[in-house]
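First the structure, then my questions, so here it is.
Each chain carries a letter (A, B, C and D) given by its place in the written order, and its residues are counted from 1.
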Amino acid sequence: MKALWSGIFKRDLALAFRQRSELAQPLMFLLMVVTLFPLGVGPGPATLQKIGPGVIWIAAILSSLLAMDRMFRDDFWDGSMEQYLLSGQSVWAISAVKVLVHWLVSFVPLLILSPLLALFLNLTVQMYTALMLTLLLGTPLLSLVGAIAVGLTVGLQRGGVLLALLLIPVFIPLLIFATSAVDAAALQLPYRAHLAIIGAMLLAAMAAAPMAIAYALKVSQN
Amino acid sequence: MQFDSWQAFWHMGGYAFYVWASFGVTFLAMGLIVLNSMMTHKKLLKEVAQEAARQQRIATAKQATKQNLTGEEV
Amino acid sequence: MWKWLHPYAKPERAYQLCSTLQPYFFWPAVLCILVGSVWGLAFAPQDYQQGDSFRIIYIHVPSAILSMSTYVAMAVAALVGIVWQWRTAFMAMIAMAPVGAVVTFIALFTGAAWGKPMWGTWWVWDARLTSELILLFLYLGVMSLYGAFEDKQQAGKAAGVMALVGVVNVPIIHYSVEWWNTLHQGATISKFDKPSIAPEMLWPLLIALLGFALFIAAVTVMRMKNEIIRREYHRPWVKEMVQSAKETNHAV
Amino acid sequence: MAGLTAHTLTCVKRDRVLFADLSFTLPAGSLTYLRGPNGAGKTSLLRLLTGLSLPDQGEILFNDAPIAECLPQFHASLTYIGHKPGLNSALSAIENLQYWCAQHSIGFSLDTAYKVLTILGLVGLEDIPIRMLSAGQQRRVALARLWLKSADVWILDEPFTALDVNGIKLLETHMRSHVEQGGTVITTSHQALSEVAGPVTLLDLEYRI
């Protein structure tokens, strides 16, 4: 436990803090993509409100794909990964901690940024609440499932586009449930069921993903 | 036979294009993947044969140098 | 209980098995598909609503059903490979991917061609078509991941993990898309107890379904043979086999 | 002390057989020098020995038990230094070593770390980011692990790369004292080991086509 805490958690946080600009870039990308939509489809408040939740979620998925491979890439190429695997700690626990740090440093800032996005796209308060809740439940799922694909592609020289190809279809159900939760909120309908489904997917991923990530990392070492 | 004539059959009640396009594309796609698998099989067999020939050449070359060396010693 | 299966985990035995099975899959597949198509096209009665356009059902429904099941079969092979570390299981998995993708493509194309006369447009974001499209993406993802690795051993394992991630998602995708769009015609075949289509229409459909399944199996064993040779070409038995094949060819 | 035994190892990489039916023992208190031309599979063999990758056939025994069954114990008494240094370029030498020790559950004190870095001739470079260091200096930081962790088995892949004459001598001396205390060392190197390293067992790999 202590090994994971001070060897991985603190290390990754310190590293993330040191590479702040790299972390800020996907967020800037997100902000810019969201800005493009009013310019592209017209600034009518009703239109924006209609497409808003979808736009925010799609932008969040795309921007997360850009930064996803940070999770293991450096560690793989500089050999730190080999040392993790030989540290005597279980690989799934290491992966789980790394995913947690990744979520903290790349999605928590997004959550903080989300009121601004909601303002840009003219979302109502109810819609924003729903959006916030779906982001809170959905983004850890992005990190967990994304980490499996990152683990698989980390050894490839040009894995970037491939990563997106692998992950986008897998994220579609999340997108559907999350945006329809916000849509339901817009119509003043209950959306607890949507949240429950996203929560169930998150729990399933929490149970299964660390094993899959560990396996993927071992495969990439071969 | 549900159709009165061959003409009616080909006409497919006005849906000829969609029906025949569907069946055509299906059989084409199926044929292509079978063809592709067969071509790959042939290519692989050829490659294996080439590889075997290469091994043979290397073995003969090694044999030759060995014989040369022993020949000099004698 | 499963001991008898183990010899087939050896590539050499697996290759022989594939060679034996290939004709038994291929020719019945051709026969069934021909019978199903001819029966469906010429002898099955017309649908009173959709006229003759419904005859596309004889390829659309089998391909739609089997595109999903092929993906599941692929994931089962991947699971076997990962859990029992059978190399041949990964080979079987990767042999299924292209044929699965082709069948998915067929389902998509025929769905669109059926949709045009029915809905008046080639593409509708209907639940079945949408989930077929996503399924095609999943197939392509597995195939491109496999292709990206130079070491095919590693590639098989990586693609296997991705197939498993995908198969967990297939039902979620299916139901989420269905729920997202309820404009859909409802599956007609699984309602055996209260058939919504006449038996004269159903029989050719079942024959075509069997034909498609056999076709997928036939292409899978063909491609699996290729995969085995590709990975085992340095083993003596492959060389011997090629040699003897050549000799018989010369004899002919 | 411990020994490492390889039993009929076969390794296939990219569909090429690197070696087949390879058996050998690395007894306690021995230094083994693994030789072979490029592409013979030296790195692959060392990675098999660490348990990072799995052999196609055969097994590796640590204290007569297959390593797959005693992985935590085995890894607790193993130090592996690979081709890649395993240092994050944005962190300093001290930070890298500190986190590494934490991961491997080794007690860490700043004093010891500074002392080890002094032995390795890195005075004044302890807390600047690794990317500012030269290749040889980075290699020395990576090698500091051999001083920090008291492991029985050392598996070293080209540890002398980029080291200067003094660095090589320093490492060879350290290897010798480790062997004299009953440790096991296996290493690859492009140049032959000097007599500083003490008695050496040779293990040769051939390039197979």
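Quick note on the criterion: a contact is a pair of C-beta atoms (placed from the backbone, for glycine too) under 8 Å apart; a residue touches a chain by one contact, two chains touch by 3 or more.
Owing to the predicted nature of the structure, the values given are computational and were not obtained by experimental measurement.
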Winner on C-beta contact pairs when B-C is weighed against C-D: B-C
Computed distance of Cα centres, chain C from chain B, in Å: 19
Rounded Å distance, chain B centre to chain D centre (Cα mean): 47
Interchain centroid distance [CA atoms averaged], chain A/chain D, Å: 37
Sites on chain C at which at least two other chains make contact: 151, 153, 230, 233-234
Pairwise touch network: line, ring, star, complete, or other: other
All chain pairs that touch each other: A-C, A-D, B-C, C-D
Residues of chain D that touch chain A when the two form their complex: 47, 50-54, 71-72, 75-76, 78, 80, 82-91, 95, 99-105
Residues of chain A touching chain D in the complex: 2-3, 6-8, 10-11, 14-15, 18-19, 74-75, 77-80, 82-89, 221-222
Chain A-touching residues of chain C, taken from the complex the two chains share: 82, 134, 137-138, 140-141, 144-145, 148-149, 151, 153-154, 157-158, 161-162, 164-166, 168-169, 172-173, 176-177, 179-180
Of chain B, residues touching chain C in the complex: 1-3, 9, 12-15, 18-19, 21-23, 25-26, 29-30, 32-34, 36-38, 40-41, 44-45, 47-49, 51-52
Residues on chain C engaged by chain B in the complex (per definition of touch): 33, 37, 41-46, 51-53, 55-56, 59-60, 63, 98-99, 102, 105-106, 109-110, 113-114, 116-117, 215, 218-219, 222-223, 225-226, 229-230, 233-234, 238-239, 242-243, 245-246
